[in-house]
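Just dropping this structure here.
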Amino acid sequence: MISPTAIVSSKANIGKDAEVGPFCIIHDNVVLGDHVRIQPYCELGVETKLSDGSPLVVGSGSLIRSHSTFYEGSSFGESLVTGHQVTVRELTKAGKNLQIGTLGDIEGHCIIGDYVRMHSNVHIGHYSTVGNFVWIFPYVVLTNDPHPPSKVQRGCFLEDYSVIATMSVVLPGVRVGTHSLVGAHSLVSRDVAPHTVVAGVPAKKLCKTDKIVLQDGSGRPAYPWPRHFHRGYPDEIVELWKSSFGPD
Amino acid sequence: MISPTAIVSSKANIGKDAEVGPFCIIHDNVVLGDHVRIQPYCELGVETKLSDGSPLVVGSGSLIRSHSTFYEGSSFGESLVTGHQVTVRELTKAGKNLQIGTLGDIEGHCIIGDYVRMHSNVHIGHYSTVGNFVWIFPYVVLTNDPHPPSKVQRGCFLEDYSVIATMSVVLPGVRVGTHSLVGAHSLVSRDVAPHTVVAGVPAKKLCKTDKIVLQDGSGRPAYPWPRHFHRGYPDEIVELWKSSFGPD
Amino acid sequence: MISPTAIVSSKANIGKDAEVGPFCIIHDNVVLGDHVRIQPYCELGVETKLSDGSPLVVGSGSLIRSHSTFYEGSSFGESLVTGHQVTVRELTKAGKNLQIGTLGDIEGHCIIGDYVRMHSNVHIGHYSTVGNFVWIFPYVVLTNDPHPPSKVQRGCFLEDYSVIATMSVVLPGVRVGTHSLVGAHSLVSRDVAPHTVVAGVPAKKLCKTDKIVLQDGSGRPAYPWPRHFHRGYPDEIVELWKSSFGPD
């Protein structure tokens, strides 16, 4: 259902059973999949000369919450879910089942894998690369300029299953290894080895992730997290995790 | 006065002399007190399956500034004042005279006392408990997961009159004692004793709060702050403070 | 062009060829220059008793992006450019060619020079002073209260050409010297000498800025940055820089 107060271009390509809320604006260069829900006050497909002419593509089953802004030229796989007041610029390509929390700000020219979870108020700088199953917690910033301001732009790289805790900054060009954990309020200035916990300003290695004990009384290690945390992932993924990481 | 461009459910319960600004949306499950003012582009009473069916309740004399979003199932005492672009999820219960600054993000399932002051861009994670007369400054985050991501959720506890300065993170389950002060840009990983100043990453005890001298030329201690800071509090509270903490 | 869904006061003074997007609200006490573009969902000239009756003035050629809020009583020179969801309170005076990134929050009573660049999610506290050609990166906060909460307000002072990197906090009354660089995730508690790099919590002097080598293969120093970074500045400024700082 398209709200009568929404302004929707006749050139936009909107899938079946889409919902577009009150006071939304959908521009020409937009492709929305089936069963997409767009909450009020969203503007999708904002034009920019910085893009390449490609449309904003939002996969089927997606939910974009209110007051969000998406530019043309970015694409999202199925089942994107956003919080409120999200901004996404042009030329970012994201896989399926991405979650972007409230106040998220994705600057554009980023590559984002499948099943990535970004909590509230995450800032993903230009040219960042985020793998699959990555978790990014509130107020994390991925940077890109090693000596600002300059023309040099070196995006960060977060490998699969890595976790960046609240209020941490990843410096330009840094690679955070698979299944690693960056503690809260850290400044990550060097590459992080896989399965490693780092923390501090600047971040230093604390231990391997398997030293962290799950505080649910089980006495088991908290990482790799896919062993015990399954909420929101499809059954086939969880089954795959069981064979990869062992049962909970 | 209800703006003619606002979309207001006939099932919403709106007190007398309420003002609802242009382009607002008020859903069914909303109870607004008398003399409430809702600025433009606000959406109140957003439905969610994660709530318990209770309404959004906003006490009399409240002001919700523009571009804000409140879900059903949370309640606020009289004289709530928000900044712009605030998001409040379900099942939070707040006392009277709460202030939430611009870009504030309250995740839900929180308990908040009376006369709490949150500045801009504060993030209150699920299951946080905030006492009375607490001050929370910009970019503070209260967290809840000791080893993210997991199913374990341990909210923080900020006791009465505590003060958390800018850009500090409180780790899960930490209790910040009454009348204590967390310095700016700190990571609070352990409980903070009452009347104590902590700072750093991780935060360490610096001194008792009465060692901090008010920089107004008086030479008096800056804490307990209710001795000298009265702006925005009712006379009866200030009188009570005088008998509790001594005159300024 | 004024959108038919915008609500524009007949008392507002709007220059020629202005564009006002859908669902905007322009109040009485607003002066917009020629060729100004206001994107959707913006509210300009919000009334406040805390101002002095002067209008919101936005210089010619400015672009205010969507979901932004400007109060009456502040003024901006020509060619202001904002991101989305910006909030600017009353009684701030800014020069020309200011950029305020998405989610920027300028509290009011600030003085801002010419050609200042604020990236996303910058918080400028009351009574801050920002010189010319200053760069402020994401999640930086300029504070003002030395012992919060109190009635004492000491704004920060950022001198010309200074650079504050991501997630840094400048404490009240601190002066950051010309051409200096504050590293990411720092807490600046003391004045910073000109041409100096500081970093850490609290920030300490690391070196002079000319020790930082530009990572573009040239082997030249990265600072003063106007020697190599010219994007977005007018030719006459760049020519002036060449004579002041030497050619790139």
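In order of appearance the chains are A, B and C, and numbering begins at 1 in each one.
The criterion applied here is as follows: a contact is a pair of C-beta atoms (placed from the backbone, for glycine too) under 8 Å apart; a residue touches a chain by one contact, two chains touch by 3 or more.
Because the structure is predicted, anything quoted here is derived from the model rather than measured.
Relative orientation of chain A with respect to chain B corresponds to a rotation of 120°, obtained by superposing CA atoms and rounded to a multiple of 5.
Where chain A touches chain C, under half of the residue numbers in use are shared by the two copies, so each contributes mostly different positions.
Chain A and chain C have Cα centroids lying 27 Å from one another. For chain A, residues that reach two or more other chains under the stated contact definition are 23, 41, 67, 85, 103, 121, 139, 167, 201.
Note for the complex: chain C touches chain A at residues 5, 22-23, 39-41, 66-67, 83-85, 102-103, 117, 120-121, 135, 137-139, 163, 165-167, 184-185, 200-201, 212, 214-216, 222-223, 225, 228-229, 231.
Only residues 7, 23, 25, 41, 43, 46, 67, 69, 85, 87, 103, 105, 107, 121, 123, 125, 139, 141, 143, 146-152, 154, 167, 169, 171, 186-187, 201 of chain A touch chain C when the two sit together in their complex.
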